[in-house]
Each structure stands twice: as C-alpha cells, then as structure tokens.
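Common to both upcoming complexes is chain A, partnered first by chain B, then by chain C.
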Partner chain A sequence: MPVAVDANLVQTVLFYVFALMTAGAAIGVVISRNIVRMAVFLLFTLTGVAGLYFLLDAEFLAAVQLVVYAGGTLILIIFGVMLTSKSPFSRFEPKLPEVIVATSFSVVLFVALVMGIVHRPTTTEPPAVGSGYPIERFGQALLGDYLVPFEVASVLLLVVMIGAAYLAKRRESDMPVQELTEAPKRAKSWS
Partner chain B sequence: MTFLPILADSSQPLVQTLVFDALRLKPNAPLRIGYSLAIVAAVFGGMVSLIAMFCIWWERKVAGHIQSRPGPNRVGPIGLFQSVADGIKLLLKEDLRPTDADSFLFKLAPYLAFTPVFAAFLALPFGPDLTFEPRLNVGVFWILAILSLEIMGVILAGWASNNKWSIYGAMREACQMVSYEIPLGISIIVGVMTAGTLNMVELGHLQSGGLHTWLIFRNPFVFLSFFVYFVASLASNKRAPFDLPESESELVAGFHTEYSGLRFSFFFFAEYAAMFIVGGIQTALFLGGWNDPFGIIGKLYYEYSLAHNTTGLLVLNVLGAGIFSGKCLAIIFVQMWIRWTLPRPRIDQVLYACVKVLMPAAMVILLGAAVWQLLFNDLSFGGMTHTPVPWADYNPFSVADWTRGQAFPAMVVQILLTLVGLSLFGLVCAWVAFAFLSGRKQVLRLTDPTAIDEVPPSLVKA
Partner chain C sequence: MMSIGLNHYLILAGLMFVSGLLTIMLKRNAIGILMGVELILNAANVNLVAFNHFSYAGTAGQPALDGQIFAVFVIVLAAAEAAVALAIFLNFYNNFQTIDVERAQNLKG
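Take a look at the complex of A and B:
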C-alpha cells in the first residue's frame, strides 16, 4: 500500500516539524533572559502544540489552543510586562534559591511524565484518523454529561475576575485622588 | 451532515480531481501534497497580494472621491497600477532598523502579523468546491483563532521598536483587542447557533435557497448580530473609527512608526487581507456565501451533482467565487466609506463603545436568539439530525414544504426580515446614487481654485 505509507510519512514529517518547534521554543523560553522574548518563544511552543492537535484530528482543541493560549493569555502576559516593567527591555534574573526550587519541581514533573509514558496501557488503539469528528456531539457532551465540571470551571473564572477587580480597585488610603481639571471632567461625563 | 461534493467521494475535492484527471495522474499522497503546496504558492500567495494591492488602490480612489480629488490616476488606466509602482518602491527602499530596537523581535513581528492572515484564507469558501480545506469542521472558529495571532505581531512590533509612539500603539491595540473580541465572538456564535454548523462550506450550502434563506434573515436576532459583528470587525481590523493603534495625528504611525520598506508593506498587506477575511466571514456566515439572491446556484449545484455534470459544477464554482468576492468587496467598500467619513474617537471611547455598548447588546442578542430557537420551530422534517438544506431537503420557494416542515411562522418571519433588509439596502444604494449624481456637476472644481460651494453655474460643463 504505497499510498498509505506516503500519507503516514507526511504525517510523521509534520509531527517532527511541530514537535521540534514545540521543544525548541520551550528551550528558548528557559534560556532567554528577556521576558518579552520568552513570551514570543512561548507563542511558538503553544502554536506547535496546536499543530500537534491538528495532526490528531482534534481541530476544535487546536483552535481553542490558539485562541485561548496563543491569542488571549500570551497577549495578557505581554500586556502585563509592558505595564509593569520599568526598563524598556526587562531582564529576568532569577536568584539562586529560585533556580533550585524551579529545577527540583521540573525534575519531579519530568520523572512523573516519563513514568506515566512508560507505564501507559499498551493495548490502546489509536482512534481512526478520518475527517475529524462531529463538532455537534462535542457541544452536546459539554452541555450534557459534563455540564457540572464545565459550570464549575466558569465559576472559578468568575472568582478570579472578581478577585482581580478587587485588587485593581483603588483604595482611598492609597493616594489622594487628583482633582480633575475641566477638560478631563467633561471627558469623564461622556462615558 | 453529508453534502453532495460529487456524491460519495467527498475526500477528493472536485477541482483537484479534475486537475488530476486532466493531467492523467493517479492522486497519490505525494502528488496531492505537491498539488496543495502549488495551490498555496500560486493561488493563495498571488491572490492575497492581488486582493491587498487592489484594495489599497481602491481605498485611495474612494478616499479621493470622498475628499473631492481624483486619487491615484497616473500609473496605468485610472491609476490601477499605482499599487505595483508603490510595491516596487517599497522593495527598493533601504531596510532601516533603529539601533536600540530589539533586533530579533523587530524582524519577527511583520511575519507574525502577516502569516496568520495568510493562513486564515485556508477556510474561506469561495465556492462549494473552491475551498482550500472544505473538511475543516471548525472553519469559522479556526479563522477567529488564527486572526487573534495577528495581534501578537502588532504588539511585538510596537514593543520591539523601542519608541514611545510605537509602545502606545501596541498598548492601545492590546486594550482594544481585549474589548472587541467578546462582542465579535458572540455575534458569530449567534449565526453559528442558527445554522448548527461551524464548517464554512456547509454554511454556504445551508443558505443556497435564495435571499430568504440567508442566515441574516433567519431571525431578527441574527439580523441584529450582523451589525454588531460589523462594528466589532471594524475594531478588529484597526479600521477607521477604531484605528487607534496607528492614529497618525497623535502617534505618527503608531505601532509601525519605525518600519519602512518591505517590512512596512507586510503590515499593510496584512491589514487589507484581514479586511477581506473579515468581510469573508461576514459573507459566508450572514450573507449567503457564494449564493445568488434567487437560489439559482444552489438549485443547479444540486441538480448537476446528481447528474455528475462536472463542467457545470466547475462553471457554478467560478460564478460562485465571483459572487463571493463581490460581496466581500462590497463590505470592504462600506468599511472604506466609514473610514473616510467618521472621525476617530479617543481610546477610552472605543473601549466604552466595545465593552459597555456592544458587549451587552451582543449578550442580549445571544439570549434572544437562544430563546427564539426554543419557541419558534425552525424547519424540521422527522428524524433529521441536521439543519435542513435547501433543495436537498426542501424546496425553499414552496409554501407546502415549509408547512410540511412545521415552519410556516419561520417562513413569514424570514420573508418579512428579507423585505426589511432589502429596503435598507435599497435606501443605501439610492443614497450613494444620489450622492454620485449630484456630485457629477462639480467636476470642474478639481482644476478650478474656487471653493466647492461657489462654482458658478456658467462654469459647469453640461
């Protein structure tokens, strides 16, 4: 079956391309000292993972990966860096204790992952690679069988939002509110 | 939902099959990959640039006419090759980079802005078989997702330039993006909810039964969400009332202040190609995609598919691509019209408009559309799990079929909405025609130094 072999070959090549992109960019995140560059490397990591999802025919998951992580979260990270950093090209210089803690965490995670992969059940059949899966069934599952976890996750997000709004709220003791001049006052009344 | 794409063998796109048959080749995997790459290189690379160059020329022409001047008119007939000349100029320009810029990110940013827009063309349905990947089950969502990556390029460009104007532009873009994405997404969800599919080709087939089956006229809430989507898409394109990231009057050029030559043109191309894509989503989701208002293409496509008439199908596809592009260009024209008419608000006003006006409006529309679907029975024939397709499942022009599908009220609503939409469209057309005709007698002002209003009647050419 030359055709099937060729199709597999293309899949394999694409897998290595995306895997290389993911892993290489992940190393870039760790090595880089500039926070914005780290975010860019993270962008490539996340996009590479989205590509892997596409190869697995999980189109919806891939699009979610792009829109939530690459599109949303990363932009918020960069936004945060822009708003908070003092120098234009903020450096990231971890202290020794931080390095030790981070390294030990990574080692534990790595070992756990390797153990998980080695001890995985060997007889699982990979799902048939076809032309995707019905998105309708996915939606029904999300709003049917998995309604409770879905809603609990959204409550969690709501809590986070309220917390962020509370933190961002200006307290009266923080600083005296500047008296607005006439022009900004008018501007304020507009909105 | 299975559609006809030449009946059984839906894994082989029609055009690809025809090309392979014509060349007497067996469609094996490497050949198909090569074919795909060739399509990407030739059609898409060429098409994206062509669309962008045409739109740039057109924008300048429209701007000129709105501002009472001819616009580009030297290079080629009516200035058509102006974009080519500009392109050559941009190619030959020196590639400048500020000394203190973050060199790696500065070089990367234009590609990050351009590539996603290019990739989004993957799912645009130019015709029933003229879609690059018709099997993409999440087409609409894919375009939204990939377009959100474009913002990253813009923000990085602003950041890496190490320039206060650029940074301001990037910050504004980030603020704006956080505010417009939600109404944009919700208004798309309203359309998708009514159609019951995310696949853009299926969306096209669902709307093939003439004007009243276009999704925008399916129920009043989709009609409203069309306008919400349009306003939000202006913001997503950084188009005029919402072009805060590059507002020339305050930020020089905003995020691309430091860019010149080819790198600048990448941003420029990305903007115009994104306009086409945003218009394309609007066309495919609300305005019937490649279908004509009378349902002729849909009916013929169904019949030709049953009869395996490939030549006819090909002709229909080409016609459909023309109609689709025409609709997109009409939407782009409205975007340009708005750009050269409305003044630019402040950034806080933009955020106010998106978060406090559009977002609640979109939420209400979403709720209304959901309730509507519960109360009003859309077409349903027993035992059917998908939304009924015109011509295949029912005849959209037969009252008996609508009654059989227990959807007589839905039909009345759709026809009423169609009439409302048509009269609105007619009003706009009449307005444009009036402006065009009443402006004709002021041609002389272009060479005459007198003020526009004071051209004496004796000077006006007949």
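Take a look at the complex of A and C:
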C-alpha cells in the first residue's frame, strides 16, 4: 500500500525537521551569551514543539502552544529583557569552573537519560489510536472530569494577575520627582 | 526507514531538559534563568503528549486525552509563573539597578 508508506515517510521527515529545529534552538539558548538572542532561540524552540504537537495529533495543544507560549509568554519575557537591561547587549559571563562542572554534570545526566530510555522495559505498544480527535471531547473532559483543576486554574490566573500588578507597581517613594514636575512644562512648551 | 516511535520523542525531550538545566546553571541573568525554566516545562510537556499518543490507548475506542489536558494545565502554570517571576525581577531591578542574580545577596549570612 503505497499511500501508507508515503504518510509514514512524511511523518518521519517532518519529525526530524521539527526535532532538529527544537534541539538546535534549545542548544542555542544555552550557548548564546546575548539575552536577546536567547529569546529568539527560545521562540524557535517553542515553535518546533508546536510542530511536534501537530505530529502527535494534538492540534488544539499546538494552537495553544503558539498562542500562549510564542505569543504571550515570550513577549512577556522580551518586555522583561527590555525593561531590565540598561543596554540590551549587556552580558554576564559565568566563571570557567562553573562551566566545566555544569557541562559535565549535564552530559552525564543526558547520557543516563538516553540509556534509561533505550533500555526501558518495552511494553507492547498499541498502535496509535485514531488520527485526530473531536475538539468537543476535549471541552467535555475539561468541564467534566477536570472541572476542579480547571476552576482552580482560573482562580490562580486571577490571583497571579493581581499579585503581579501589585509586585511590579513602582512604590510612591521610588518615583523620581522630576518626572512629575517636568511633564507639564514640556506640554506647555509644545503649545 | 525506521518509523518514529516513543523513544525519539523521549530523547528529544531529554535533550531539551538538559539544555534548560544547563541554562539555569550557567546564566547569571535572571531572565535567562526564566528561559531555562520554560525549556524544562516544555520538555515535560513533550513527554506528556508523547506518552499520551503512544502508550495509552484510551477508552471505548476513542483516543486518550488525559496527557494533553495535563499539558494544557502545565502551559497555564508556566504563563502564571512567568508573570510573577518577571514582576519579582522588575522589583529586583528597581532596587539593585542590575538583573545579575549574583548580586541578590541581602539574605546571605
């Protein structure tokens, strides 16, 4: 059956494309020393993960990943970068011993993970059931079996919104005085 | 050609996890550390969705969804965590005029 083989080949090629993008950008986040470049690499990683979700028949999750992560969280992080660095190219170098210790620890951990994955007890893997799923079942599960976590998550988002706004608010005592006095003058000089 | 199985996704997620861990350990910029946390959460999400797709056949002939719903909650938590962490970093920056985490030593004995 040539059609099935074709679909398999396409899946394989797409997986390697997205996996290369994700892994390369993840390593780029580690290697890059410029915080703006790190943010761009993170964007590629998040997009690649969204592509992997598509390959895993999780279309809704892929859309959520693109909208919330790539569109929301990453923009938030970039705002943080802009607000907290005097020059966006400022850099802090780690010390060499730190690099050696951290890298060797990570390599050992990664090798251990791969060994564990390859030699894991193989269960009989069922063939991937069904391609695609109705989005209604997702919504029903979210408002049925997972109703309590769903509502707790919404309360959490409210709490986080209020808390973050309170934390990020500039204190009255921190406010520079000249900002308050200069603004009206400037307005007058324009008129 | 070998078809893509669960192991491929797990190894990729392992690489992402190690990258995130290394980012957390090596970066001194607080926002860089936040990016490492995001990488680790994404690795966990890939694992959840891959296990959902390959290992769990679901009930009544319908594909399983539990792993994907877990992943949605992880995304929500990651967004909330990023917002609070950035608010804290902004406060830190206002107090210390830097974002270098090595300078946060007020509580050091």
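Everything below uses one rule, namely that the second predicted complex is superposed on the first by the 130 of 191 C-alpha atoms of A that agree within 3 Å, B and C clash if a C-alpha of one lies under 4 Å from a C-alpha of the other, contacts with A are read in each partner's own complex, and residues count from 1 in each chain.
The rule is simple: contacts are C-beta pairs under 8 Å (C-beta built on N, C-alpha and C of every residue); 3 or more make two chains touch, one makes a residue touch a chain.
Please read all numbers here as calculations on a predicted model, not as lab measurements.
In the superposition on chain A, contact is made by A:Gly163 with chain C only, not with chain B. Looking at the shared chain after the overlay, A:Pro94 reaches chain C, while chain B stays out of its contact range.
Taking chain A as the reference chain, the count of touched residues is higher for C when chain B and chain C are set side by side.
In the superposition on chain A, contact is made by A:Tyr69 with chain C only, not with chain B.
In the superposition on chain A, contact of A:Phe60 is made with both chain B and chain C. Once the two complexes are overlaid on the shared chain, A:Arg137 sits against chain C while remaining clear of chain B. When both complexes are overlaid on chain A, the residue A:Leu52 reaches chain C alone and has no touch with chain B.
Applying the stated contact rule after C-alpha superposition, one finds that A:Ser104 touches neither chain B nor chain C.
Common to the chain B and chain C contact sets on chain A are residues 9, 60, 64, 72, 76, 79, 83, 133.
Only residues 1-12, 14-23, 25-32, 34-36, 38-39, 42, 45-46, 49-50, 52-55, 57-58, 61-66, 68-69, 71-73, 75-80, 82-84, 86-91, 93-94, 99-100, 102 of chain C touch chain A when the two sit together in their complex.
Residues 8-9, 11-12, 15, 19, 22-23, 26-27, 29-30, 35, 38-39, 42, 45-46, 49, 52-53, 55-58, 60-61, 64-65, 68-69, 72-73, 76-77, 79-81, 83-85, 91-94, 98-99, 102-103, 105-107, 109-110, 113-114, 117-118, 123, 125-126, 128-130, 133, 137-138, 141-142, 146, 149, 153, 156-157, 160-161, 163-165, 167-168, 170, 174 of chain A are the ones that touch chain C when the two sit in their complex. Contacts from chain A toward chain B in the complex involve residues 2-3, 6-7, 9-10, 34, 36-37, 40, 43, 47, 59-60, 63-64, 66-67, 70-72, 74-76, 78-79, 82-83, 88-89, 131-136, 187, 190-191. Note for the complex: chain B touches chain A at residues 10-11, 28-30, 33, 100, 102, 104-105, 108, 112, 135-138, 141-142, 144-146, 148-149, 151-152, 155-156, 159-160, 162, 167, 170-171, 174, 177-178, 181, 196-198, 346, 348-349, 352, 356, 385.
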